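Working notes, beginning with the structure itself.
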């Protein structure tokens, strides 16, 4: 039998490259995404290496709030500390807190969203209504509650951001799941006898990735900023371990006098959000096998 | 009757169309009491227009859907009310091939994964063994090792359909339910796939439930044919009898509507009037009476039974065929 | 009946004038932007300064503080204190009526004092009058307060209590009075939209020289930048507080004038003396030496702070300057080493989570870092903070190490008792240093009951010395109050306690 | 050729893609007469749709007509301004696309969409347009026209939507209808109804139809002349009887052999392989790699389109020699 | 449709009930004692105790909850622990500013967001598209307070066109609405853009062009109406953001709104106010969701509510 088909159907010339290589190639074609990725990689390197020109805690009470100069590229803050150094230093905290928080929130939200979308019924109602409540619950209250439960600390900023992000992800992933569930390949898998778990993990979950990426990159920016307000509740960033959001907030008092204290951290957040969005868009297109 | 593999007995299935708070719910009557057997080793074809319930029948047999009424037998087991865990071992014995060769393959999985999935679910083979088996099967359907590492979108329609077929064959099923497997394909590719189906049947002693709306394709591949209309079987007989001597007016209309690739052959066509009725509000009596050129009073009032009017030839019609 | 008629007339006049004013020019009205909401207009039931300022536009006490914190007559023309310090007799000014027409007399005063001591009502200002035994009407315009024990700061407390029309209280009840204020003050109530504005009109029947403007609005504008913007555009005529950081940014604007006033507000950090390291006085002194108070003033308050020379501000009567803990890192290190911490230690500091408090904590942290004390800065949301402080039932349970805070009071006792008396350790009151010095306790009690000012001064002098030497605080500074006004604004000023006085508000062209 | 309604000359269309430029339609010429049905057949990806889109300049952004002309009664459509072109679109040349369901805007009622057409091209006022639209719906054989007029597309069956689109196409009295696979989504009985309707209306309204399909059965039953396309090229063209009786190009023959015929249940013949990727076209005859009879020459240079008379054109070196004929 | 709405409204009741329990437990659970907050540091323990008793905080939780929930239904929402004013009196005047602010913000965000989203989709890959994308990123990442103060500096202080703070006239809403809407505009623009890009590829758009319709009509009538179906759900989602943002904007522009009231009350542990406002917010959120769902059906004829 194998004989018959083999001779009748010729093997075509068929170029197969490793999928990763293919994806990379596809991604590399999107210039803005690549530039943004380079920027993000740079940020990551900065976050790891933290090449600060000055000691970030070194105060200089005679040189406070001075505008950008060749000495202090981004000026100095109210203690005369070098803003540039502090921003470099803050990269790690800002990125890691936002990334970790949004990732955890995203994962939990995705889980709930998929469950709600797949099983429908009562479970869905409960999850979705819980999301409504959470969305209308002020973040501050939530944060105070979290401090109350687990006390202050860096990890808890992450948890607060995660908790706050959950309902958004849940909603988006749920609607994505609802759409995917109707696709033929899901039915095909079910007809094979694939278990629910595998169906969810292997077939539906990957399909929600594009929706996930878009929300994920959008939320990073808000996470960096909300991390700042959380640090004011007593967890997260401190003067010795500043992040951009906290710098931005403390710059608020000097808005008229030393605008550089606001401008640079704000710019850093803006560029990071922009870069993540661009990379996200590029990634979404790359991962969409239909787009070539 | 020897070696009946699948038997449907008065099966009914309806879907909720709309839910009303204070009034009666509305239903789509997809399957309205059908009975037929599929015998071991044969190709049983279901033909009919879009929405007449062909796919639903397939899904019922596969138990992706639960019948509202009636019995479904598979391998002498009544599987009508089996749970999904009871179904699991049986799923191994019946596999599906779908119409949309793109949509039925997960775009995010490699071909080797897609084809290997039934093995993963139903056997304890190691990854290596699975891979070897997958390769064998791909070879049988005319694909090779390089293809195994690619994704579905990199293939042509015909190749995709072969992947779907390979997947169906991995666990040595006895029944393959093919839901319009060639409808989306170009003629030349369609021919390749039909040939493949036929060859595989010989090779592996497969039984097919072949769903199609294309009577010329069906003739080429099937042994017996059931013609469906609005969730009912209107005519059921062997291929030869159906094409030589169609009895039901609907079958006749269908046959005459097939475009024939021969401009010299000018035929008398039976042009039906109107559209297929809405399965939510089924017409009374014979479902076909709204479009039937021969309909008379009784057709409006009384639903005809599927009766054996000749040997091995069942028809559901009030007209007499003697 | 007569009074009523007058009142009506006045109102009619007032309204006519107001309408005309609205069209003519803005000279007649004035807006003050402040940084928080007015919480309540029941002056007996507020504890925050701003609500007092707001109530102060409509209400007056028997005696009041002037700019130098001296007691001067107000509704009372004169007063006598009995030798044993138990009886305070006030001669009331005659012919004053409340805004609702009720005559102001001894009965009215008694009504107010009876209200404040009513334990059932548990009004916010009751704690100031715990020593008050009874109030007696001597005659129509003479009233006598009888104390249970001598209480030296009594007059200061009397200065803090505003007189409310008894008729209004009867009519509207304790809750209703919030929205229907009726006092004797320079302005009459017009409208209060909580969170948005309090509008008062000039009291045309005011008993003394009052404001020249006809309408005053107090608006809460929390955002510093917005408050300044309002002043710049002229939407506000006076803002308080003026953010210290922005003074330089406004210096170029010739329409704006910045006002500086000394205050009774002190800023310091409690040091919990029951904690191991802090139980040693040398450590606490070292911490005081380690901090450059002038730098503190410059960095944290943009220069608007006066280094503390005692635990009370210079504006407080009986203040006596102590030998300052001059900034001396070496000495601090030496003391620390002497105490057995040559390499310092780690601890933390708490404060509310606004930027200014965080800045203060950070400053302390930086400076103590110089002598090896590693201070973690922990900002906390107010509710959590007070819970953390007061939930400890015993000193051992306490988790607080340092608390950076400010405190304001009119009199020495108010600025001392709650903060240093051993009976006031948490959970009772905020003696978070857990400062328990019997000698100090005695002096605090003695000072409060001593009627003779000289003896009292001696006791307080001794007390200041003891506290200063014991250093249960990091002594930082007392605030310079900053407010800002349009150059056209006259007659509005901030009292040392932070209350805004608007009695003589006027507007020049 | 005075009676020709539309003439397409050396039409060439390219797409800019990441793999470089691809020529999807390569030097295609044909003409269409009144009342004539010209069929274009070919496998998926052979350039049928692109040809039809090029005629009305409806190509997607990355597409571009690089050569050729499309003349409608002597006017070159490709040189018209956008405004003039819009008059032609829908007004003089109407299009019917493959998938009727997705060609109707899901959020507009059938009526709205139909009225748009005549209000634009016949300057109908609203009431006129409405009456006329209902009339047209009736003409294509849909009962309860008033009701259907108010429905949304998803409330129609496939056959109904397709008939609505045909009604819409006809409503502005076009001279040419381009129908791109108008019946592929339909059931056979409905397909028969629709095709029948189109032919009748063609006769009545004097239009020329360009019918694009891959269903040789449909071609045989409806077309007068046929073009066979492969890789963006015309490989054969003839009137329908000639083509079916005497197909010359091996590709045409292969296509015909793959059609399952009633009464013939033998193993089906088919063309090996698949249409090559336009970005990696072979040298020489584009069909050569799949051709059973290809010779060396076929792989070296591309055969020209030759006319063997009687308007029968083909693009094969071996056709006239009769090689490979069964 | 009517039935659907009624059904949804009936569903709201049990949800609100659960929500009220959650809210109640949550605010009683977080640290902080309203009595202590009210009396201030300047008080002693007896006063605090007295206060607790007066406030009813010494009652068992079920009793407190019962009082709360009975109050909600009988319209007696109690008095604020902080000010002593009836909660109703505090709340009602603050509804209008917040509502108007939200309404204006959403309106301009939707109008502008959709406009630039459509423009970006039509000009995909061109400069304009990039500008919109960058603007969207900044809309998301610029802190509200900064934007608000900048606008205030420019339009009030420098140009003198608009009042700095307050909403005594409608003009006062302009800057706050712009500030609050910026982020939402960005989101809507982004989603609208991607929806439009998908839709512009649809067959019916090609069909509309083939009919000879002008590009303007094709985009703004045929495509946009479809895009709105997607955009409407995004708009609904933004209400959460609106709540969070309104707190900041109300603070910056000194608007006496619910957002600020809520935050102030949370900080003060003013239980009665927090409970009521939160309940109101949740209710509003659920109603908005319902409205969005209904609107979704209006824009999308395929959805039939029965």
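In order of appearance the chains are A, B, C, D and E, and numbering begins at 1 in each one.
Everything that follows uses one rule, which is that a residue touches a chain if its C-beta (ideal position, glycine included) is under 8 Å from a C-beta of that chain, and two chains touch if they have at least 3 such contacts.
Not measured: the values here are computed from a predicted model.
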Touching both chain A and chain C we find E
Pair joined by more contacting C-beta pairs (B-D or A-B):
B-D
For chain C paired with chain D, centre-to-centre distance based on mean C-alpha positions, whole Å:
89
Expressed in whole Å, how far the mean CA point of chain A lies from that of chain E is 23
What whole-Å value do you get for the distance between chain C and chain E if each is reduced to the mean of its CA atoms?
37
Touching two or more other chains, which residues of chain B qualify?
192, 195
By the touch definition above, chain C meets two or more other chains at residues 225, 381, 383-384
Among chain A residues, those touching two or more other chains are 9, 144, 147-148, 252, 255, 292
Touching residues of chain B toward chain A in the complex: what are they?
59, 62, 64, 87-88, 91-92, 95-96, 98, 100, 103-110, 117-118, 121-122, 136, 139-142, 144, 146-147, 149-154, 164, 167, 177, 192, 195-196, 199-200, 202-204
Okay, in this complex, where on chain C does chain E touch?
33, 37, 39-40, 42, 45, 47-48, 119, 122, 124, 126-127, 174-175, 178-179, 193-197, 219-223, 225-226, 229-230, 232-233, 235, 381-384, 386-388, 390-391, 407, 418, 424, 427-430
If we count contacts the way the header does, which residues on chain A are in touch with chain B in the complex?
1-2, 4-6, 8-9, 11, 14, 16, 18-19, 183-185, 187-195, 198, 202-203, 206-207, 287, 289-290, 292
Looking at the complex, which residues from chain A come into contact with chain E?
32, 129, 132-133, 135-141, 144-145, 147-148, 167-168, 171, 175, 218, 221-222, 224-225, 248, 252, 255, 262, 266, 269-270, 272-274, 277-278
Give every residue of chain E touching chain C within the complex, in rising order.
30-33, 36-45, 47-48, 50-51, 54, 79, 82-86, 89-90, 93-94, 145, 148-149, 152-153, 156-157, 160, 163-166, 251-257, 260-261, 264, 267-269
